[in-house]
Amino acid sequence: MQGQAQQQAYDRGITIFSPDGRLYQVEYAREAVKRGTASIGIRTEGGVVLAVDKRIRSELMERTSVEKIHKADDHIGIASAGHVADARQLIDFARQQTQVNRLRYGEPIGVETLTKEVTDHIQQYTQVGGARPFGVALIIGGIEDGEPRLYETDPSGTPYEWKALAVGADRGEIQEYLEDNYSEAMDLDGGIELALRALGSVNDDELSPEGVGIATIDAESEQFMELTNDETEEYLSELELLGGGDDETEPEE
Amino acid sequence: MQGQAQQQAYDRGITIFSPDGRLYQVEYAREAVKRGTASIGIRTEGGVVLAVDKRIRSELMERTSVEKIHKADDHIGIASAGHVADARQLIDFARQQTQVNRLRYGEPIGVETLTKEVTDHIQQYTQVGGARPFGVALIIGGIEDGEPRLYETDPSGTPYEWKALAVGADRGEIQEYLEDNYSEAMDLDGGIELALRALGSVNDDELSPEGVGIATIDAESEQFMELTNDETEEYLSELELLGGGDDETEPEE
Amino acid sequence: MQGQAQQQAYDRGITIFSPDGRLYQVEYAREAVKRGTASIGIRTEGGVVLAVDKRIRSELMERTSVEKIHKADDHIGIASAGHVADARQLIDFARQQTQVNRLRYGEPIGVETLTKEVTDHIQQYTQVGGARPFGVALIIGGIEDGEPRLYETDPSGTPYEWKALAVGADRGEIQEYLEDNYSEAMDLDGGIELALRALGSVNDDELSPEGVGIATIDAESEQFMELTNDETEEYLSELELLGGGDDETEPEE
Amino acid sequence: MQGQAQQQAYDRGITIFSPDGRLYQVEYAREAVKRGTASIGIRTEGGVVLAVDKRIRSELMERTSVEKIHKADDHIGIASAGHVADARQLIDFARQQTQVNRLRYGEPIGVETLTKEVTDHIQQYTQVGGARPFGVALIIGGIEDGEPRLYETDPSGTPYEWKALAVGADRGEIQEYLEDNYSEAMDLDGGIELALRALGSVNDDELSPEGVGIATIDAESEQFMELTNDETEEYLSELELLGGGDDETEPEE
Amino acid sequence: MQGQAQQQAYDRGITIFSPDGRLYQVEYAREAVKRGTASIGIRTEGGVVLAVDKRIRSELMERTSVEKIHKADDHIGIASAGHVADARQLIDFARQQTQVNRLRYGEPIGVETLTKEVTDHIQQYTQVGGARPFGVALIIGGIEDGEPRLYETDPSGTPYEWKALAVGADRGEIQEYLEDNYSEAMDLDGGIELALRALGSVNDDELSPEGVGIATIDAESEQFMELTNDETEEYLSELELLGGGDDETEPEE
Amino acid sequence: MQGQAQQQAYDRGITIFSPDGRLYQVEYAREAVKRGTASIGIRTEGGVVLAVDKRIRSELMERTSVEKIHKADDHIGIASAGHVADARQLIDFARQQTQVNRLRYGEPIGVETLTKEVTDHIQQYTQVGGARPFGVALIIGGIEDGEPRLYETDPSGTPYEWKALAVGADRGEIQEYLEDNYSEAMDLDGGIELALRALGSVNDDELSPEGVGIATIDAESEQFMELTNDETEEYLSELELLGGGDDETEPEE
Amino acid sequence: MQGQAQQQAYDRGITIFSPDGRLYQVEYAREAVKRGTASIGIRTEGGVVLAVDKRIRSELMERTSVEKIHKADDHIGIASAGHVADARQLIDFARQQTQVNRLRYGEPIGVETLTKEVTDHIQQYTQVGGARPFGVALIIGGIEDGEPRLYETDPSGTPYEWKALAVGADRGEIQEYLEDNYSEAMDLDGGIELALRALGSVNDDELSPEGVGIATIDAESEQFMELTNDETEEYLSELELLGGGDDETEPEE
């Protein structure tokens, strides 16, 4: 009961500190991230892999409208998890930053620079009153000076750099799978396979090509590319993960 | 009791996260959508069909004043469900976007573009304080590059693309009917019939021509058109759904 | 007790959704409408009839100061019910719209156009914080393209078109009377008689000429006109509704 | 207890509707009016009479500083009851309107026009947040087109026209006295006598010349004039109402 | 307990009406006035006398820093009681008004005009949100057209004119003393003596010259002047009120 | 319990009056002053002495960073007690005033003038919403027209002039000591000795040179000067107050 | 229970004083600092040492993304502890100040000047409403006029100067260790060793080179430099603190 009452005290109005120094609205926003289906990012020697769970609510819904992988610039892709409408706002913000950078400096924006511009934007919504935090986490991957880079932005506005990470539903399990199986010496192919096996590990090792989204940013070409359904199916079949298309479940809101 | 108290904590002031990461005001706005009579959208090879339940409160009320189907541009129609006054605001916003697009780019706006401009507008009302979310869902259908497209906007500001969908009262039942009976190979006629049968399925298979609104956007002509009462009656009689006009019930507020 | 507590949670600050998707401040504003004396609108082939109950608090009060029928333009009249001071604001707003239309387009405003400009104005007060909704309903009647039109605006900002309707106290009973006795083929005279009989039905079939206000907008002349007391008395005596002048009661606030 | 809790729910922040459609802050402002000493207005064929109770807190207070009768323009006077500081604001507002009218149109403002400009101003304070309603009622009397006119403004911002009325303390009793004794055929003298007898009726039929303020606006001269103490004494002595000067009581705040 | 709860309901946010029509924040501000030491104003034929209790917290405090008598203009003085910091704001405001008047009209401001400009300023702080009322009462005395005038401003923003008055601590007793002993035919000397005797009446008839502040505005010279300690001592000794300097007590905050 | 509840009622939002006329937020700010270590000001014939307790939290903290004595201008020094970060804001404000005065009038600002500019600034934070009061008290000492002057500003924004005073922790005891031992005929040396003895009186008569800060503003040179540790040590040893350096305690926050 | 209730009363809206003169939101922000891993600053004769605990959540996270040591200018470094996203805001602010100083004055900013510009910025967020305090503490070290200087900024906006200090988790223990072992006569090498031993004292005397960040600002070169992993490993091995890399724990949020 007491915990109940205590929590309520920090839910109103603006984002303020609790007696133990936590920002409850930010922590609740992290719960919103967990309500979204999983997204995975893996950094390999050959580039960055982004993989997302695209489960849908109804077979009549177009899977293409489940936008969880976004191209931010030629050399940068973003995977999101959590509150979809919030994600769109941040993606728009990120795209503006990449364009401004090209206009102002005549060159593509660095992955770290972009990440920090996004997290600084997120932070403002956690300190200044009159708005709520963003209920979304982003995985920002790309090539900077020829090197693959992989970042996470969380609802507090903190940037983290990763070798491989998961956000959204089942984060704990997938992250554990990644830690057990990740090796730095993978190429892009190996990254895609690790991502799919990680996603499979929390789906009874059955995935449909349509229920999964895969994108890569190749370290050499420095180009963002999305896999076609056929390409995805080939990987799944090779990995013996190919399952029925019956994956409708209650999706993220 | 506890759930009761917990809920109340998230109802005040602005739209904030609950401990489990939900935005209660947005979820309550979804309830406002369910309080409205049903609207249906169906994408066929021949174009898009919009169909709405136009039940009225009193036989003295003009059915034409139950505005649930709106022409947004020559090639785009919108069906709404939920809080009527809110719907008017969003429709006005959508119409401005279509006009701005024609002025600025000299060509009709894309259906997806329009949908996302509307959902981004909706999202603002869920994050920035000083206003409540929109209590309405829109079905936006139209022709883009010769292809029929069908989208939904919900109170969270998320855009979804659909083959066929229902919003408003009885959404669950109608959506199930659509899933059981939808086939992609339908023409416009087939779409109209499916829509009417779906509406009939939650109305004891009896509909009056006046109690139903039908509009199509033909894939070839790319023109929004509304069916006359006579045309609707013909369909209903053919489908053996023609019922008495005694359909006054407590309508959406 | 629980209902009590639940209600209180939605009364504070701004107009927000309740868990079942309702806007309590808007519903309370509807109660304010019911606290006002009744107003009636009837559409006939010959034009529109507006009729209002003008009960007063004291015989020393001038009945002319009970302003419930307002001329918005030559061809449009408005009857109101509810919070009198709020009604004045909306009437002023409506009159500005009619004048702007004449100035800008050189022609009288359409009845539907005017209604929607008023309801869009009302809607703003239900969504954006810092103000309460309007506690008033308007019946807007007039001639558009030679055709009589009759609309209602309610506190949610929804426009409805009617053949005949009542707002304010005893709305339920009067509306029922109208439904039982309305026929589209009436002329203005018939409309006046129906309105008076409807008002009489909730006043023991006794009305005083001073206690009733009647206005018409003739479909041919397209002119708003108010009946004199003598004219009203003639109708009442013909209808055997002529009662004593002893009608002081607690009026609307 | 429940009523207690319910009331508290509507007292905070801004002026909002209660579940039964009332604006509590406005109703409480009406209580503030009742806390002020009585003011009376009477319309006669010969002009308008304003009469006020000028009781004071201490014999050392100057009665002239109890400002309850105000000249708004040559042809318009205003009597107030309630929160004195609020009254001053509205009187200032009214005087500005009279001057603006003379400047803009080159003629004196109409009594009804002035009243409605004041009530529209009052209404704003009951709908838009960030301020409280005015805790004062005004009686506005004057000559318009040669005719005496008498209006009331209340805290909701509603204008009423009257033949005779009382506001402030003992409103109920005095109004009843006026209803029993008013006749339209009075001249100014008769109006002054009725006002004094009405005031006496709630003061044990004893009034002091200093404790009463009287002003008239003559229908012919169209001039606002205040009675001197000697003139008032003459009336009181004639009416056998002349009492001791011992009238100090707790005055309006 | 109930009264307790009721009070709390009106303490928050802005100045709003209680169910019985009172403005609690204004009434609490009046309590702040009572927490200040007493100030007295007396109007005589020869001019106005202002007298204040200058008790101090510690003998090490400079009595001159207890500013309770202020010169507003050559011909106007102001005595204050209550919240000292608030008084300074109002005195500054008053001085600006006197200067503006001299600049704009080339003549000294009237005492009544100045008082009303101050009270209108005070009223704003009781109606518009975002600030609290002023916790101070002023006695404004001066010469206008050769006549002595004496006014009070209270926290509600009401102006009162007086022959003689007290504000602050012991107001009730001192006012009673003034009522028993005031006569209009006094000269300035008589006014000073009455003020000192009144102050003595609540101080065991013992006052120290330093513990009292006296100022006069002579009706002939129209000049504000403060008495020196020696002059005050002479009066006290003549009146047999001269007491020890041991008057430190808990002063107004 | 009741006191508890009552207090809570006045803690929220803005600075408002309690039923007994107090401003709780201001009184709480006074508690913040008491949480700071003591500061003392003494006015002598030879000038003003400022003395402060510079206790530190850890021996690793630099005592010079305990800024409690500040030079505002050549001829004015300020000692502070209470919330350190707030003190810095007021000191900055004061320094701007001294500079503006020199620029605008070409001469040093008066001590009283400076004090009142600071207190008027402080008062604003106690009346207008959106900010909290300053949790700090200042002792402002300097030379004006050749005369030493000593002032206090408290969190309410009231200016007091003193011969000698203490603020901060142990104010009561130190002030008592000053009252018992102060004499106006001291020179600067005597002032320094009194200040140190007063500080010693609440520290077991043991002070370290580093734990004490001393500044003087000489009446002749009109120059602010701080004592070196050696000079302070000399005084302490002469006064037999020289104690060990072991004075770390929980300092002001 | 009572403490519980009391605390809740000060958590809402803006940063206000509690009855005992504390600013709870600031104190809660201090708790946020303690939730971050430890950071240490040590001033030696040879320059300043900054050392931070860089524990990570997962072995897949890049330690370089745990940004706790920042270069503010050539001659100034900053170590942070607490809410990471807030730290970034303050670091950005600090860097702008250093650049502005170079542009405006053509010389590097002083360490004390920079610290106070940062603390004044922090203070604003504790006094003016509409935002929460910064949940971060900074250690600012650098060279000023050839002298090493070391400062702390805390969430209240108070600047402290130190010889050696710790902030963040285990502050108490580490500070104690520093007090027991610090000597002013250390060179940079000695400072690094003390910092590592202090960090080791709360980590079972086992540290990994990757889990620790070290930076120095040399008094002679006046250059900020970060140690490489190899350099750190050398120190650790020399100090017999070299432990396994198994340091993943729940990091600061």
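Note that the chains are named A, B, C, D, E, F and G in the order they appear, and that numbering of residues resets to 1 at the start of each chain.
Note that in this section contacts are C-beta pairs under 8 Å (C-beta built on N, C-alpha and C of every residue); 3 or more make two chains touch, one makes a residue touch a chain.
Quick caveat, the model's predicted, so the values are computed rather than measured.
Listing every chain that touches chain B and chain G alike gives A.
A rotation of 155 degrees, rounded to the nearest 5, superposes the Cα atoms of chain C on chain F. Here the CA centre of chain D is 69 Å from the CA centre of chain G. Separating the centre of chain F from that of chain G, both taken as means of CA atoms, is a distance of 31 Å. Taking the mean of the C-alpha atoms as each chain's centre, chain A and chain F sit 55 Å apart. Contact with two or more other chains is made by residues 12-13, 129-130 of chain G. Shown here, the protein chains touch around one cycle, each chain meeting exactly two partners. Following the touch contacts around the ring from chain D toward chain E yields the chain order D, E, F, G, A, B, C.
Against chain F, in their complex, chain E makes its touches with residues 1, 4, 7-8, 11-13, 24-25, 28-35, 58-62, 64-65, 83-86, 88-89, 92, 125, 129-135, 253. Touching chain F in their complex are the following residues of chain G: 2, 5-6, 9-10, 12-23, 116, 119-120, 122-123, 126-130, 151, 156-165, 175, 178-179, 182.
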